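What follows is a pair of complexes built around chain A, which joins chain B in one and chain C in the other.
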Partner chain A sequence: MCLLRFFMLSPALLLLLLLSGCQQSEQWHAKDISGLMPKLRFELSNAQGESVTEADYAAQINLLFFGFTNCPDICPTTLAQLAAAVRNLPESIRDQVHILFVSVDPQRDEGGRLAEYAGAFGEQVVGLTGTQDQLQALTRRYRVTYGYDEADANGYYNVSHSSAVFAFDADGQVRLLIRDDLTPAQIAEDMQRLQQNT
Partner chain B sequence: MKKITLALLTALLIAGGVLWIWTTTAPEALVIDQARIRLVAGSGPQGGYFSLHNRTSTAVTLQSASSPAFARVMLHQTRIRDGQSEMQSLQDGVTVAPGESIEFVPGGMHLMLMQALQPLQVGDSVPVVLEFAGQDQQVQSFTHQFVVVPLTP
Partner chain C sequence: MQTLIQFFTPWEFSWLVQVSCWGVLLIFVRGLRRGVQPGFWRGSAFVLGVLLMYVVTQTHFDYWSQYMFFVHRGQHLVLHHLAPLLIALAAPGAVLAAGMPVSVKRWFAGQNWLGRWWIAVYRFLQQPFLASLLFVGLIAFWLTPDIHFDAMLNQRLYWVMNWSMALDGLLFWWLMLAPTSHQHPAAAGDRQGLSAFDSVRVLNSEETLPARSSVVKSNRSSPLDRLATNADEKWALASARDRITPQLSYGVRMLLLAAIMVPQIIIGARLFFSRQVLFDVYAVCGRAWPISPLTDQQLGGLITWIPAAMMSVIAALILLRRLLHAQADQSVAEQPDQSTAAREPL
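Our next item is the complex of A and B:
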């Protein structure tokens, strides 16, 4: 259908058609941000304290998300939503999707604590953190920020962080921005499509 | 005959009316329901949630909370602004007008339960003390049982 009309329409009309009608079947549930951010690249440490880079998570879909473990409200809500999406995937591609949970609170989130928190959401959730320099480099790369409030009398402090979830395809290209109002089924549908058209 | 029926009907209506008034105004109380703690793995803080219905005739303010099962409890609110999410202390408490309800839900207001003194398990019942101030600034405490629930239903 679209090809047929291709020859009969002016370029301006064609463009309009391409943007609306023909692309209807190309719609994602999440926001398409292809090309708007650089490829996945980072230097961080995993929960075992080993240095890792994007190469350790290559050739798979990666969902990048920032948070901290002293967050019992919004961070686990998002992680549970993403983990449920992964469980919704056909078994054959489930292990080709990873959720990279990057703690921007390395002072409190080294080692065991991060592993325990992230691991509870399933094997596909990877807890990562890094030095301030490493975290700054990564957050700047994706134009997000984080910060610390002043500590209270008990030494407790709040951390503000981006609520964005970035999806990268198996080539490491940024593709989607996942909003928190999507259902696990919708996210799973997007992941499946991403897996098919990388 | 007709008069008697009419009188009977009127009497019934009045009695019904009185009964209606009695049932709607009698339970003068603060009602808490759906009290739960969503279990998060690890030794970090837990989030407590509930609904609060103010069925009294005056405004009340939830000022603070505590629990024998946690070192400290804070009143918190998660806010997402310009794609940035942050937690804030509700330092002035939360005021509920008469007849109004508020909800502590994930992604909004929550009890920030710090340092569980014993490991929690799904199904546990944990007492939480909620302190309210009324119009006369008198503080009233209510202890309510919060059920530990899994993160995802």
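Our next item is the complex of A and C:
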């Protein structure tokens, strides 16, 4: 009897497990993470050293990305991709999308350097950084982290950081997680849809 | 000092884990103070098991587990293998039953429907084949790249994952290591803290005998069912005598232990030998310190492969030892000899 009940129930159980893993919306190219993370909120400083908060970037689509200007691979690639995506957008909504590049290496990325680096990728890229406390509060809020390597003889050290881009809508709600497997055209498409949805 | 404080500060504080860990230790200590003595090694195994579970979930270790794949594999090795194995080895039922506040026991004894449901679900999950399937199935399930991604990104899912590993570990290792019926009730009565006889005796005498120390040592063994006259005793019987868990023979247990090794080795080896990064969530969220993603994955694969599979070997050796003692006891019973009769199985 027990055996019979088991053979009847276990396929149902397995099916349930499988189904729960397969729910994915087909609407977006990026991963839909609506409601999984809190609203955009931060206290940082901009490349001019002035304190800024999320209020300074309200009522627009924000793409939040963490990195450092000495980054050899991930940061320049991702920033170039995002900048290309923004260039792909119709002119009417182009200036309503901002890329917030948060440097998690404040020791090396001070004012001028950060401004120059961000500016190289386009007008829509905003360079931000902060104290360790501010950065930790923000990374923790979005369940990401960063860490430093030992410095070599030239004082160069590597920094581990999140490769994800978090997209927030004009209300500051988290909507998408953009991974590095998307093309600029796909990102632009998602941005347009996001603009229409809000 | 500061690094110590930093290490022991929970990365993500959880009331549920705090209350569960410290609560169960408190009940255990109460049980010990009421005279149920599991012996030094059993007691230590239990405390160590619970503390290990606490350390990997409520210290800075949890931070590393969230942002480093191989540390995460280590966390699950503790939650799913090492700590539950230690707890099951300690067979803490009798001590916990004695330490549980009487009012809680009364309440549970009054909830007949709860008992019925609980037992039905428990027995369903503890069917040998399903228990083994669940044990390796959960490892495979949470290591499915898409599911793993969501679990590491979403806090609630992350806790569901860790709790499911810990609870399933307790279920499985208890099924493997629970004392068998070969251990004759009369003989088990002498092994303090092991059998239900002790806890019932303790419980019973708490109300009748004022002297605690004499309680466990008394060799009064009256039939269990006659003793179980009130709610407390019924509860103690149900929890400590453990008629509920399927009694598997040593042979079946060892077979299952060998069977679960194979898929674990396959999963671990697949991670180790994979030339591409399977879990991009650690790149997406950032790693705790710079390390090559493939190295991280290979270390994680090794941990899933070797120590996890070794736990089966360790458990099988423990069972083998018990089996040899049971045989020795049996032959001793035919030719009575007091010196070996009281030998304890691990």
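In this section, the second predicted complex is superposed on the first by the 171 of 198 C-alpha atoms of A that agree within 3 Å, B and C clash if a C-alpha of one lies under 4 Å from a C-alpha of the other, contacts with A are read in each partner's own complex, and residues count from 1 in each chain.
Quick note on the criterion: contacts are C-beta pairs under 8 Å (C-beta built on N, C-alpha and C of every residue); 3 or more make two chains touch, one makes a residue touch a chain.
Note that the structure is a prediction, hence the values are computed from the model and not measured.
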First, second, both or neither for A:148, with chain B first and chain C second: second
Partner chain(s) touched by A:160 [first = chain B, second = chain C, both, neither]: both
Which superposed partner A:139 touches (first chain B, second chain C, both, neither): second
Partner chain(s) touched by A:36 [first = chain B, second = chain C, both, neither]: second
Touched partner set for A:62, first chain B, second chain C, both or neither: neither
Partner chain in contact with A:84 - chain B first, chain C second, else both or neither: first
First (chain B), second (chain C), both or neither touched by A:70: first
Which of chain B and chain C A:120 touches, first, second, both or neither: first
Set of chain A residues, in rising order, touched by both chain B and chain C: 144-145, 149, 158-164
Sites on chain B touched by chain A in the complex: 38, 40-47, 72, 76, 78, 80, 83-89, 106-107, 110, 112-114, 151-152
Residue numbers on chain C that touch chain A, as the complex places them: 63, 66-67, 123-124, 127, 129-130, 133, 137, 141, 144, 146-147, 152-155, 280, 283-291
In the complex, chain A residues that touch chain B: 69-74, 76-77, 80, 84, 113, 116-117, 119-120, 144-145, 149, 152, 154, 156, 158-164, 180
Complex interface listing, chain A residues touching chain C: 2-3, 5-6, 9-10, 14, 17, 21, 24, 33, 36, 66, 139, 143-149, 158-164, 177, 179
